[in-house]
Every structure is written in C-alpha cells, then in structure tokens.
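Chain naming follows the written order as A, B and C, and within any one chain the residues start at number 1.
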Amino acid sequence: MFWEQLLNGLTLGSSYALIALGYTMVYGIVQLINFAHGEVYMFGAFVGLFLVTAGFNIFVALLGAMAFCMLLGMLIERVAYRPLRGKSSRLSALISAIGVSIFLSTLMVLYRGPNTTRYPEVLGGSTFQLGSLQVSTLQIIILLIAALLMVVLELAIKKTRVGKAMRACSQDLEASKLMGVNVNRIISLTFAVGSALAAAGGVMVGIYYNAVWPYMGTMAGLKAFAAAVLGGIGSVPGAMIGGLTLGVLEIMGIAYLSSSYKDAIAFAILILVLIIRPQGLVGQKLSKKV
Amino acid sequence: MNILEMTRISQEFGGLRAVDTVSLSVLTGEILGIIGPNGAGKTTLFNIITGIYVPTEGELLFRERRIDGMAPHDIARLGIGRTFQNIRLFGKLSVLDNVRVGRFGVTHSGLWSCLLRLPAARREEKETELRAMELLELVDLVDKRYEYAENLAYGEQRRLEIARALALDPSLLLLDEPGAGMNTGEKEELMAFIRSIRDQLNLTIILVEHDMNLVMNICERITVLDYGRKIAEGTPAQVKNDERVIQSYLGSGA
Amino acid sequence: MFDAFLNQTIDAYYLRILIFIGINIILALGLNLITGVTGQLSMGHAGFMSLGAYTSAILSVQLEVPFALALLGGALVAAFFGFLIGIPTLRLEGDYLAMVTIGFAEIVRVFFLNFGPGGKAVGLSGIPQNTGFTVVWLLVLVVIVLNRQLLASRVGRSLYAIRENEIAAEACGVDTTRMKVLAFSVGSLLGGLGGGLYAHYMYYINPQDFGFMKSIELLNMVVLGGMGSIPGTIIGVVILTILPEMLRIVDEYRLLFYGALLVILMIFRPNGLLGDVRVYDIKKWWTQRGDRE
C-alpha cells in the first residue's frame, strides 16, 4: 500500500516538477513569478487532447503540445513581459502576468466551456505486477518521460553553450549582456523550454487523471509554484526535487491524513519552508550587499 | 571616555574575512578618516558599527555600552547617524519628508497618538517640522523641500542624506564617501561644512573617503585598512609617510 | 431610516453598486496600507476578508451577536491572524512574502471548505442583512479620515520609508519588522471589516467568494490608482467596481477584456493612473507660486 502511494505520489510529483521547472527557470533569469505559466500547462493539456482525439498517438500528442506551448510561452513573454523589463517595478510585471493568466483561462472557457472533458483512452488500463505492487503502464511511461525530459534539460543546461548562456543570465543579466550574450534570445528560450515542459506535464496529467478543464492550470500552477519554492526558487534541480517531494507528500497526506485538506498541504509546506528555510531545500542563501 | 571602542572586530562572509581583527578607538569630538584600497573593508566596518552586520568576533562599545549584536534601529536611536556609499534616499518622498523620517529615532508618538492626533503627537510633529527645516537650511535645500528626493541633483542628494542623518541628533556621524562625485569646489565646501557641523553640533565624525586631499585636509587622525586589517594609524602626516601605506596604495595601483 | 429613503429614491441596482464601492474602498485601503504604502506585497488579502466575513457571520447567525459586535469580532480575528503570520514572514524578501500570502489565503479557503459551523462547501446563509448604504459609507468616511491621519503622521512616514529603502529606514531608527507587522495587522483589520460588511450584505457566503481571484481584484484596485495614495486607491476601486458592470454587456467576454486591460495598463501606466501625481506636486506648485511673488 505504501509503495503504491509512493508511486502515485511520484507520478503526480513528476507533473508538478515539470511545471515547477518553468517557474524556476523564469524566476531565476528575470525574477518574475510567471502567473500565466499554469495556463500554458492547461493549454498543453488541451492541445494534447485535440491531437489524441484526432487519432494521433500519445507521443505525437506530447510533441505537438510541447511545440504549441513553446510558441505560446514565447509569445506571452514578447507581448506582456518584455515591454516592462527594466522599466517598471516587479509588481507591474506580476500584474501583467496575472492579466495574461486571466485572459488565457477565459479564452479556453469561451472555446470549450468551463466543464471537464475526458481524454479518450490512450493506453488502456494495463497494469502489471512488480513484486507485490500493482503498477500501471501509464505510470511507468509518465515517470520515464518525465525523467527523460529532466535529464535532457540538465544536460542541455550543463553541457551546451546555450545552457551556459542561460546560467550566466540567471546569475547576472547585465554582465551577460556586456559579455555579448543575446539576452533577449536567451530569455525567450527560457520561456520556450519552460513552457514545453509544462505542456508535457499537462498532457501526461490529462491522460493519467483522464480529465482536462480550463481552470486546471490555476491550482496546479500554484502548487507547482509551491514546489519550486520548496526546492529553492531559481534552482533547476530544486524544482525537480521540490515537485517530486510535493507530489509524494500530497498523496501521502490524502492517504494517511485526510483528502479534504489536500489542497492546503502544498501551501502549508510553502509557508513552512519560507519561514524556516526560505532558500528551499537546494537553494543557496543570498546575503545582501549594503 | 572614547566615544567608540572597537576591540578585535572580525567579519567573516563564508570563508572571506572582510574585516580581520581590527581594533580602533575613536576619540570624542574628533574627525577620523578611514582609508584603504577598494575592498579593504571600510564600508563593512561602517555596517558593523551601525548594526547591519553582526561581527563574527570582537566587541564594540559606544559610550562604554556594548552595541555589537544590537539591531540597526536601536543603534541609530542611541545616537549614531550615517550616510551610505550608494545614496539611500527615500526617492518618492519629498526632501522635507526625508529629513522628517530621520527624526523617527528621537520621537515617540505611537499608532494611537497619531490616529487620534493627541496633543503630544501634534507637539512632536511641530517640533519635527521645525528641526527638519533647520537642517534643510543648514544644507541649503529649503527651496527644494517639496521636490521628490529622486529628482534632486547628485550633490543635493548627498547633502540631503547628511541632513537626514543629522536629524537623529547623533553624537557620532558616519559619512561613507561623502565627497564621491563632487568637483574641487564642492569638496572645499564639503570640508568646511564637515568642520562646522562638528563644531556646532558637538559631533564626532568618522569618514570613509578615497580623495586623499580631502582626507589629509580635514581628518585629524587617520586609520588605514588593507585586506580587512588595520595597517597604520596616526595623524595625516604620519600616515602619509608610512611605508606600509605607500606600499598598499602603490601595490593596488592607486 | 436614511436607507429606507434611499431605497425609495435610487434604483436598487445603483444602490448595490454604491454599497460595493464602499465595501471595496475599505478592503482596498487596508491592502493599500500593506502594499501601497509599506511596500509589502500581499496577494492573499481575500484571506482576511474571508476571516472577517465568516467570523462575523457565525457570530450573527449562530450566536446572535448584535451587528456592530459581529463586525468588530470579524475585524479583530482578521487582525489577529494578520499579526500572527506577519511576525515570522515579514522579514522575508518581497517575492517570498507574496508567496506566503498566497499560501495563507489558500489555507484559509480550504479551512472554511471543511469547517462545519461555516457550512463547509455549501456555505453559510441566513446572515442578517444589516449592511446598508449608511453603515457602509459612514465607516468608509471614518476609515478614510483615519488613514489620512495615519499617513500624514510620523508612523505613516516611516511606513513609506520602509517601502522606499528599508535599510535607510533602519538607519533612521525605524524598527522595520515591527512597523511592517503593524501595517499588516491594521491592513488585515480593515480586510476583516470589509469582509464582515460583505457577509452582512450578501446574506450568503461561501469559500469560493474569497479565492485567489478576489485577492487579485483587490490588488488591482490598489495598483491601478497609484500605490500608497488614498485618492488613487479610491479611484481604482471605483473604476474596477464599475467596469465589470459596464462590461456586462459583453458578459462572457468581460474577463477577457479585464485580463487584456491589466496587461495594457501595466505596459503603459505601470505606476497606476494617479501614481505619478502626488499631493506634493500640488504643494510644490503652490509654494513655487508663492516664492515667485
């Protein structure tokens, strides 16, 4: 029972991790809490839905959703955030993000109505036995895909030139600019990557829980955000760890405590982390220069 | 009694010793200069005195009272005022209000007295405004009193910061690079100004400065830091001719 | 009595809007104190509204407490929680505080979803409709006057100073943590008061009324008009209370417009409509006139 719940938690946690990565990368580079990110995740789930309904298989759906959301993410950055960069306070960018979030979720409501739509059966309910565990194929696939994406991301950030540019920008934007890095492009790319990952998370959640609805982004977004903070906002490994941890804690909470408080778990953790260790599990303590 | 006694003060930042066992006595009423190459720990020392940093080691006594570990606002209330290397004004407040905020440390009206406009609060407000205007006269910013602080010229901003620091009625004033960005004429005025406020207001003044001319002319004693350590101390004449000082400055290409 | 007169003369629809404007002004001035004046970003103000609403409603409905006391109870409970979470969290950096406030409001929401006496998800109904035009606007007047007093005083100046430059404020003797907690508590008190008035007007409340969107609406009111400014906040409230009504024509699309509006506004007027005009400018203009003569 415990192991099954753990597996469930990891599966849920993978989706949180994928979304959290987008939050953390964007925050790391432009210090913005991208409130619209949850909506990008939601759009990903819907694009996946359309593709799957149209007869394509899960992998095509995944790639299609990721591509679409990449563009969506970059568009949002270009239209709603870039004009504000450097000029206004962080608060204005935050409010702009909220505006985008409202806009996008309403757009989907207008298009599809506020109700839940079911994903058509994608992989069947096949399960198999792993020792004493009842494991569904879907879970394994989700975990593998998520793990693959995260590994690819880590490698890309650590080993490629572009990845190095991204890391440089998140450390010091101005200096990177002076070093000849095309900062605008790197920022766009960051949004693109984060959005693609969120889209993947959306498709997988849609398939796994068999439901998508226009407001699914709000709650998932807030929770993934809590996960990013838990791991250490701005830290990529932090987002991964935070997401998985939060997923596990949430499922365990439902299983062993009470299901009606499940939404509160993420936020209670968020507050506790911020009070006890604001830099998160993995993040580094920053001291202020006076 | 020396107004400030620093005994073997050290400040570590995760492996970096920004200040290394510095001991310093500040004589009441003097104008003391702290100089040294960039990164020598001068501003860190100021931050320790004003409570922004808690020293990793050592003792700090202000008028024979231990202040290391005290919160910055408490230290300010004891009578230590300061200006900052990178000007820290309240940009969107008026010039007058900036100085009035400076009076916070010496006033007491709480939430209720302010809300209900009790007589004590009103008296304090009047007194605050009076004192603020006096200080603005002193730094010649009276006609700009309703300007946003952020709209002032650089030199005016520096003067405003000093006025604000003086609003605390301090006995010790710390000036962090007060002459930065000023031309020769302005620096002359600054020197005269520093001397006059020291005399008129019974202050002890500690200066951090890079302009040697300013330092040599106005400071009565000088302490020299390098790599967080005190390497020399004495009158301007003594320090000017000190081998180690010359070395450290030549060494860093100053 | 005055209310009866009003009910006769003014169309119920407009009366309703006026009452909402009044309640929102109280709520927004509370948030303005926290975020606009002191610069502490709170994105969970609806949580305090909720605490005020539920507390006062339960007091009225279940304990049959008189209206004024119920309102007071609601406001005090909200203030208490503001104080409680303020203490550990106000030493956090801006964005972190915003995160905590979001979390706090969500926890409050989930709590009331599960809280028996509050009716859980079904909500609480049967709240006596004691909130009328007179009560609301009388309180609005009091709140505005007290706010004005506060902001023009020593305490108010220190709050602005914290927003502008916290380290410099400390150097002036301001105990910034204490003042931030103070602002937070007073702000949440007003949030609770507004919540109580809301509950006793709506007759029925449920946890969904006080979700994240509500916090955002309130934040927008404060930001739109110009942060830290009382007239600015009032203008923000008026516009953002009336706007959704005006947009009812396009009903389904109104949120779409709202979202787009926020983005456009931030791009073109990031300091709010009234943000760059202050009482100073009027004072300055006046003094300069005087100096010239």
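Methods note: a residue touches a chain if its C-beta (ideal position, glycine included) is under 8 Å from a C-beta of that chain, and two chains touch if they have at least 3 such contacts.
Computed from a prediction, not measured in an experiment: that's the story for all the values here.
Q: Taking contact as defined at the start, I'd like the list of chains shared as neighbours by subunit A and subunit B.
A: C
Q: Report the chain ID whose CA centroid sits closest to the centroid of the full protein CA set.
A: Most central by this criterion: C.
Q: Please identify which chain has its centre, taken as the mean of its CA atoms, farthest from the centre of subunit C.
A: Relative to subunit C, the chain with the farthest C-alpha centre is B.
Q: I'd like the Å distance between the centres of subunit A and subunit B, where a centre is the mean of that chain's Cα atoms.
A: 48
Q: Distance from the CA centroid of subunit A to that of subunit C, rounded to the nearest Å?
A: For subunit A versus subunit C, the centre distance works out to 31 Å.
Q: Can you work out the whole-Å distance between the CA centroids of subunit B and subunit C?
A: Inter-chain centre distance comes to 40 Å.
Q: List, in ascending order, every residue of subunit C touching at least 2 other chains.
A: In subunit C, 167 touch at least two other chains.
Q: Specify, in ascending order, the residues of subunit B that touch 2 or more different other chains.
A: In subunit B, 52, 84 touch at least two other chains.
Q: Hunt down the residues of subunit A that sit against at least two other chains at once, touch-wise.
A: 290 - these are the residues of subunit A that touch more than one other chain.
Q: Can you list the residues on subunit B that touch subunit C in the complex?
A: 50-52, 71-74, 76-77, 81-82, 84, 88-94, 97, 100-107, 109-111, 114-117, 121, 124-125, 128, 143, 145-148, 164-165, 167-168
Q: In the complex of these two chains, what residues of subunit C are touching subunit A?
A: 41, 85, 88-89, 92-96, 98-100, 102-104, 106-107, 110-111, 113-114, 167, 212, 216, 219-220, 223, 227, 252-253, 255-256, 258-263, 265-267, 270-271
Q: Spell out the part of subunit A that touches subunit C in their complex, as residue ranges.
A: 27, 31, 33, 79-80, 83-84, 87-96, 98-104, 106-107, 109-110, 218, 222, 225-226, 229, 233, 260-261, 263-264, 266-268, 270-271, 274-275, 278, 290
Q: Contact residues on subunit C for subunit B in the complex?
A: It comes out as residues 146, 149-150, 153-158, 160-161, 164-165, 167-176, 182, 186, 278, 280, 283-284, 287, 291.
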